[in-house]
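By written order: A, B and C. Residues from 1 in each chain.
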Amino acid sequence: MSHNLKNWPIVVGLILATIPIMLMYLYLFVDTFTDTLPGEMIPNRFTLVHWRFLWENIEGKASVWLAMLNTLIFAGSVTLIVLSVSSTSSYALSRLNLPFRRQFLVGVLLLHAFPSITLIIAIFLILQMVGLYNTLIGVILVKASLQLPLGIWIMKGFYDSVPWEIEMAGIQDGASRFTVWYRLVLPQVRPGFFALGLFSFLEGWSEYILPTVLAPANDVQVLSVFLAQLIQDDQHFDFNLFKSVGLFYATPVIIFYLFFQDKLMNIYGGGTKG
Amino acid sequence: MSTSTGITGGSYQTTPSILRSLADQGFDRSTLKHIGTESYLVSERGLQAAAKAGTKTELVEELRERYLGETFASRRLFERFLKTLDNRPRSTRALKTTSPYFRKSLINERFNGEDEFRRALKELGLDLSREQTDQLVRASYTGWIWTLENFRKMFLLPETRQILLNTGFYVASTLLLFNVGFALVLAITTFYLPKGQAAIFRALWFLPRITPSVLYVLLWKWLTWDTGFINAVVANFGVTPRNWMLDTAANAWVTVILINGFIGASMGMIIFSSAMTAIPKQMLYASEVDGANRWQQIRHIILPQIKWPILFVTVYQTLSLLTSFEQIFLSTDGGPGSSTEVWALSAYHNALDNYWGNLQYGYGASLALVLVVVGVIMSLLYLRLFRFKELVKLPRIEQ
Amino acid sequence: MEIVLENFTKRFGELTVIENMNLKINEGEMMALLGPSGCGKSTTLFAICGIQKLNGGSVYFDGQDVTLMPTQQRNIGVVFQSFALYPHMTVFQNIAFPLTVRKEDKLTIKKNVGEMAELVHIEELLERRPEQLSGGQQQRVALARALIRKPGALLMDEPLANLDAKLRLEMRSEIRRVQLETGISAVLVTHDQVEAMSMSDRIAIMKDGKILQVASPDEMYQRPENDFIAGFLGNPPIAFLDGIISAGNVKISSGNIEFPCPENIEKLPDGSHISVGIRPEFYQPGNPYKISGTVSFVEIQGRENLYDIRLKDGSLLRSIQSANVSPLSSGTEVDWGVNPEQLFFFDNSGKRL
């Protein structure tokens, strides 16, 4: 664009608006390794004491490593389910002449617009009834199925953009419909597949409401619930401890963000459009 | 979340919130108060039940011989009394399992059949009319019934109006100020910046979206609470520390809108930015040649070109703001009082996280159902925006 | 392989695209399906290879009914308009794919791919990926992939449409060369009459889902069955003037000429309205019946000059003349003529008389 106008007022304005974010995230890192006197802004000493939860349990809480394992299982399983189901079903919805295909698509679209709060009450009761309340399997199934409409929607968008002629050529070359999907089409949508996997994993990793309602017990607790309960129960408001646990919890998110920023921005921004 | 679930059906249980709603309906308050207060009585019936359940015989005998007929105003007092006995229960657990047998109250107690519940009501020794008894029985039933009562209640409760107003205010202001408004500011300003600087600002503003909500809200608490950063700063100017998140309704709203707006801005920012890069460069050059200044360029070239994305973000974000409550739940939890209680949060509170300990699944679900209806209507709007016809085009391979 | 379509009918939803079409493609010949876009030629091609189902009628390969046979078993090679190369595979893997899915052994595959690469002259490109190839090279790869299974027939859907003008000329002869070398039956779908005329043995010209005429290119140009075909073939296109039969003469009022009816229209009654088709090469200075007009547009092509001539009543004639005289300029009055023996006459329904 033309550079006949000065940029610095824009930059200054943006910096001012961004100050809260910069402060919050700067101090997120700083506070986990330092102590600050009450009422001061500048830390006065370096310490690792806030990280003690890594080698000793916090009073009244299960081990953070158990929560970490639970979170891994939770996010990992959700990702697996979402990827396998949406990569197959959305191909069928995009490309095969299924009966009720139109109705399926309307259903997916409506479900996609549905927020989890509208369903969570019923889900809570159902899980109690079938005995999956307070189990990881239960909350994994719930999260995965709530995530699926979006997954199917996104993957359908990617499949729709694969040229028909590639598929026609594959069939012409003698490949079965399954071979065509697996060897010709799936490689074309690999970026979408990868992005959806990343997205599902992070969604699972960050999920709080579902586990806190459906699996709050200590032994199946995921890190989000672990951290939230820690904050709720603690009477001293030990922000340094909270932040250290929080940073520990957010590590994979930060790593993924650093490496796959563009991919993530795409799917968070455009994902809803498919 | 440990108390009743209505799912087994068929049982009877009087809860504090049932009593409150009965009071609202004009039920005699002193009677309700009586039903509502717990008291503990050393009775023959209680002793027998306790003995049957395996309480130590020595303890039962001691109670029967020396204290039969004594009443205690609360569980705490009763348990304190038990601890003073010669044959007192050894562990806290034994103490806790013993005391309920002597409770002389209906509150929170579960009865499996209507007759059982009526008998217990009678045993309270209150002078209840037949209508009053029937009303209590009906209100305490936890099983399935077909009813529109929940929706009637939704209409009648004065809270509903307040929550509706809260929701409208919350959605409108967050949407206008951040999810669309500030998102546009971010997209347009970064559009004019050199690539590197633009990327930094976009990455920073994307952080709130990517950060797990529990941690993200924690950071806001650190910023706003009594011992938090803002107080540390303003203390230098002689301002007394306070909880900026919860001290007044106005401050709570500011915090809630900021917390959600900082997350919401990034989606619009990304969508608008990519829509703006799709505007042909020649068009922008042409407008400059034609003498448009930057503001005119934004006003006459850029904004008209991205009006569909703006509409899309508005519709999409309206729905997600209406239904998201996670951040409010984690930050103000509807407080102070219920000044920041929005519709979705209220559904959640009623059904799954009631302060009074009992959970009104039915009422919560009917609140949620209202959101479903809104969701479906807005999805139909999507269908138009999404050009649904294109999405259901027939497959071109017919086998 | 001989391909026969019998009473072929195709509907998309409510819309009938093709109704009761009959077509026979002989063993070893190249048949062009020519027509404007939307006339149903690609639909016909998809029916032959089985990608789309028939709503009525049958397809026979060498007398065998294959109507219900899945595409995969039909053993037909197809070259698509966009070439449809698999972007994540190398050229070698692309060409080998039909054999790979048939689980042929590695040695056979290697040998066959080598032969095909040689046939289409891309031996040195086998390790590249499609995006590293030029359009012409991609076309050759697509051709090799279509032919590697030794298919009974080769179908091509607008194979030259995605190439630039120079490559189009080159690939035109290349495809024809490969087809003749392999002796395979082939169907060429195209909307370009030059392509159809220069590459094929016979042309089936289509309009609105119907085949209007099947004939060799030469015959179709010389003896078009109706005015649509006459107008579709030939560049610059034929011009039409209204005529009327009057006392054994053809009277063309806009040209202000009158000449005796040639024998093929002698029997028409007086007062019949006809349409007279005049090809540009037959409106020339030396011909006997002069039609005067004004040059309204000149296009200089180097070897030849094209002229648009505006007649007094506003109708248009075209003429193509060799460029050995210096070109006339716009606005010049000319007085060129026609020869009745070289004209086409069409009746009211468009049928040639």
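For the reader, a short list of remarks on this structure follows.
We adopt the following convention: contacts are C-beta pairs under 8 Å (C-beta built on N, C-alpha and C of every residue); 3 or more make two chains touch, one makes a residue touch a chain.
Given the structure is predicted, the values throughout are model-derived calculations rather than measurements.
With chains as nodes and touching pairs as edges, the resulting graph is complete, every pair of chains being joined.
The innermost chain, defined by the distance from its C-alpha mean to the mean of all protein C-alpha atoms, is A. With centres set at the average Cα position, the gap from chain A to chain B is 22 Å.
Per-chain Cα centroids separate chain A from chain C by 56 Å. Distance from the chain B centre to the chain C centre is 70 Å, each centre being the mean of its Cα atoms.
Residue positions of chain A with contacts to 2 or more other chains are 168, 171.
Shared interface positions of chain B, defined as residues touching 2 or more other chains, are 394, 396-399. Chain contacts: chain C has residues 51, 71 touching two or more partner chains. By the touch criterion stated above, chain B contacts chain C in their complex at residues 394, 396-399.
If you check the complex, the residues on chain A that touch chain B are 1-2, 5, 7, 10-11, 13-14, 17-18, 20-25, 27-28, 31, 38-41, 95-97, 101-102, 105-106, 109-110, 112-115, 117-122, 124-125, 128-129, 156, 160, 164, 167-168, 171, 177, 202, 205-206, 208-209, 213, 216, 224, 227-228, 231, 237, 239, 242-243, 246-247, 249-250, 253, 257, 261, 264-266, 268-270, 272-273.
Those residues of chain B whose C-beta lies close enough to touch chain A in the complex are 1, 5-7, 182, 186, 189-194, 197, 201-215, 218-223, 225, 227-229, 231-233, 235, 258, 262, 266-267, 269-271, 274, 284, 288, 294, 312, 316, 319-320, 322-326, 329-330, 344, 347-348, 351-352, 361, 364-365, 368-369, 371-372, 375-376, 378-379, 382-383, 386, 388, 391-392, 394-399. Residue ranges on chain C touching chain A, taken from their complex, read 49, 51, 71-73, 75-78, 80-82, 84, 86-88, 97-98, 101-102, 145-146, 149. Taken in their complex, chain A has these residues touching chain C: 163, 165-166, 168-176, 179, 183-184, 187-188.
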